[in-house]
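Both complexes below contain chain A, partnered by chain B and then by chain C.
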Partner chain A sequence: MILDKLLLISVVFAALWTVMTRSLLKAALGLAVTSALIAVILFRLDSPLAGVFELSVCAGLITAVFVSAISLMKPLTHKETIALSRARIKKYWPLPIIISAVILIFSASTVPTSIRVLPEAMEQNVQNVLWNSRSLDLFGQIVIVLAGVFGTVILFRESNKKP
Partner chain B sequence: MIALIIVLFVAGLYCILVTRNLMRVLIGLELLTKAVTLLLIVAGYATGRQALAQAIVITLIMIEVVVIAVMAGVILSIFRHTGSLDASNVKNLKG
Partner chain C sequence: MLSLLVLLPLLGIIILNLPLGHVMRRSAFVFAFGLFLIQIALAIFHYPGLLSSRLYVVKTFFNADFAFDHLSFIVLLSIGIVSLTSLVVGRYTIQNDNDRFNFINLLIIASIGMCGVVMVRDIFSLYVFLEVTAVSAFILIAFEKQKPALEGAFKYILMSAIATIMMLSAIALILLATGGMSFDTIRQAIFSSSNSFIVKLAVGLFVCGLFIKGGLVPFHGWLPDAYSQAPAAVSVLLAGIITKVSGIYTLIRLVTAVFGFTEGIKGALLLIGIVSMLFGAFAALTQNNFKRMLAYSSISQVGYIIAGLGTGVALGVIGAIFHFFNHAIFKSLLFVNAAAVEKQTGTIDMDKLGGLSERMPVTGATSLIGFLSTSGIPPLAGFWSKLMIIIALWMSGHRAYAVIAILTSVLTLAYLLTMQRKVFFGKLADSFKNIKEVEAGFAAAAIVLALLTIGVGVFFPLVFNFYLKAFIR
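And then the complex of A and B:
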């Protein structure tokens, strides 16, 4: 129970850090930490496969994409950084207050367990659902991955035009 | 748990609404997706349909990765073209 509460508090702080930090690189790392903590929560909610995907893909692959994209961009000068950080404080000061209000309002609400029956649904495992019930999803996933691959190839392709 | 989902959603939405930096918009979108992932798993846990919830979450993560990769490419192209990540620079799109 204490571990669960610690996890929830850590996710809130990691999400706040991600949104409020000045550096883009630190924001990307904060996002990776948020993903890793969410993966632990998914493990604790009896969803190990989703947890593994969250940990490997979201905390790993997406962070690598973010860091690569950020490293290809020009860093800000010291003057620009100071000017931006002043503007950021003005923009982001209401966020901790809003989040505290949300936690105060919704902290009492719990997940309803009265609807938790359906033994025939519980017997199914993920492999059965994914390959039998949701097989059309797999077709969609293949199409989306191919679209992503071709889109990325086109976007990152070097221009052949001579200056 | 519901409070955490709402906190993640609010943080992501705030990030998207307040900033003009395209990379931060993408990070906000990612936080919104995290909230949806957690919501799906919690709903699956509450109804006893973890298998279905996990199958849907796997599909969601695949879509998320592709969206992030393509959007990162688009943002990089915008940066090379305009020299900035400010969203106001791409207001005037010309065909």
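And then the complex of A and C:
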């Protein structure tokens, strides 16, 4: 239980750092750390498949995409960085308070201490879950990816027309 | 058979994007037009009682509990009609062939998302299809890559992300408390443990997420920017159906079939509905931008739908569903008119416009029908749905709210009359002496929507007996 609590607190701190840090690169890395910690929690909750997906997609693939995109950007000047840092602290100072309040509310409520794993989910393997139980969600995910492809083509492709 | 409503459009996109040179790009409009017509036909043919039950034994492609009832019929029909209208407007307002082709693809994807939302009976699948709709909507808003449109899309993404966090948290809590995600399982669990803090928190979070998606006050910040900055065809789609399906239909479905009419839910719906109704109307009064005024008007009209639902009585719920359909039609009509004005004059600043009815008689006349229906003038469709909502408010004991709803109707008449006077009546400005009416196809979209508004209103007894009465049963 102590380890679980430590992991949960670490996730909150990692997420806070991700939002409050002034460097985009550090934010991307903070997000990767948050995802990795969530993956560990998922492993501890007897959901290894969810953990593997979280680790490979969120902590791995998405971080790689973010870092590649950030490397293409022009870095900020020292003056801009300080201004951005101040604005960020001004904007996000209530965040730790809100998070602390939410944690307090949840600790006081009757949330079960041991998470129940659904029996039907335990009995099925990933193939069954994806292709039989949740095939509609898989279809939805395919359509979202398709929308993402069109979005990338439309929003990020440079126009061929010369000015 | 129901699976066809999401499978056919996907098949359509795959065929459209086959590497067949320019053939598919050129025929994309005709293809999508046919696809939406089939979608409307499928919705109509599935209407309970219209065809024999043999259709229901056809095994669905997915092993999922797709379902279809009277509410699904009305919403799927609205999706088909508004998507078709948006497609036609896009044909005349998006000049570049490539852009138009991409728009058609995204329009079809949005349609898949909306049809999925309407037919699923599982809360996680509902979330997945809401995301399909939202992702396509972000891209559609930012489609022209102009700074204001990007800003509108960004605000929509931000607010939608907050709604997503709320809904996902709610789904997790629901799974924790009920052990399942199908509507039936959740409903049974909620009724057996209605006092559970976790259940109350989950329902509250989900409903708040839907308020954001529906652009209701005080969660409306993104809506005026998104509606007014999006390209004309996208504004029609967003205002006509996307926001309604994502926020309002989902709310109606979940409250009536899953969460139930608890006192807390009814109170929240009534309050948010009445505040949205009033705020939207007052804000619309102060606008000079045609599309922004229509955006605030949408907030106000959606307030009527939510207030009707909040009464918790059969008449109120029927009125809400009927106003959902009517608003999809007449608000699409008004946005089509705004698109026509923008295309022909190059502006939607109402202070610069005037006397356009002289040069654009079809747009002017159909706008008149749209605004009269929005204001609830008899015998147009909007009158009947508003009347049902007001009577339901009165009969359920919320007499003050009923009076506010009547007064808001007067405010609606005031701001829409101001719009009609500023844009279509009065003296035609010299700079607009040479403008012409929009193309026949463009005008036809407005005429069809206007005829629907008149037809549904004039033949209200038939509409009530055939389609609305079923909800009482």
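Note that the second predicted complex is superposed on the first by the 120 of 163 C-alpha atoms of A that agree within 3 Å, B and C clash if a C-alpha of one lies under 4 Å from a C-alpha of the other, contacts with A are read in each partner's own complex, and residues count from 1 in each chain.
Everything that follows uses one rule, which is that a residue touches a chain if its C-beta (ideal position, glycine included) is under 8 Å from a C-beta of that chain, and two chains touch if they have at least 3 such contacts.
The structure presented is a predicted model; accordingly, all values stated were derived computationally and were not measured.
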Quick one: classify A:136 as touching chain B (first), chain C (second), both or neither.
second
Touch test for A:151: chain B only (first), chain C only (second), both, or neither?
both
Where does A:53 make contact in the superposed view: on chain B (first), on chain C (second), on both, or on neither?
first
Applying the touch criterion given at the start, work out whether A:71 contacts chain B, chain C, both or neither, answering first, second, both or neither.
neither
Does chain A have more residues touched by chain B or by chain C?
B
Regarding the shared-chain residue A:31, is it in contact with chain B (first), chain C (second), both, or neither?
first
Looking at A:85, would you say it contacts chain B, chain C, both, or neither? Reply first, second, both or neither.
neither
On chain A, which stretch or stretches are contacted by chain B in one complex as well as by chain C in the other?
109-112, 115-116, 118, 133-134, 137, 140-141, 144, 147-148, 151, 155
Considering the complex alone, what residue numbers of chain B touch chain A?
1-4, 6-8, 10-12, 14-15, 18-19, 21, 23-24, 26-28, 30-31, 34, 37-38, 41-42, 44-59, 61-70, 72-77, 79, 83, 85
Please give the residue numbers of chain C that touch chain A in the complex, ascending.
6, 10, 13, 62-64, 66, 99, 102, 105-106, 109, 112-113, 116, 120, 122, 124-125, 128-129, 131-132, 135-136, 138-139, 142-143, 145, 175-176, 179-180, 197-198, 201
Within their complex, chain A touches chain C through residues 109-112, 115-116, 118, 132-137, 139-141, 143-144, 146-148, 150-151, 153-155
Chain A to chain B touching residues, read off their complex:
8, 11-12, 15-16, 18-19, 24, 27-28, 31, 34-35, 38, 41-42, 45-47, 49-50, 53-54, 57-58, 61-62, 65-66, 68-70, 72-74, 91-92, 95, 98-99, 102-103, 105-107, 109-113, 115-119, 121-122, 124-126, 128-130, 133-134, 137, 140-141, 144-145, 147-148, 151-152, 155-156
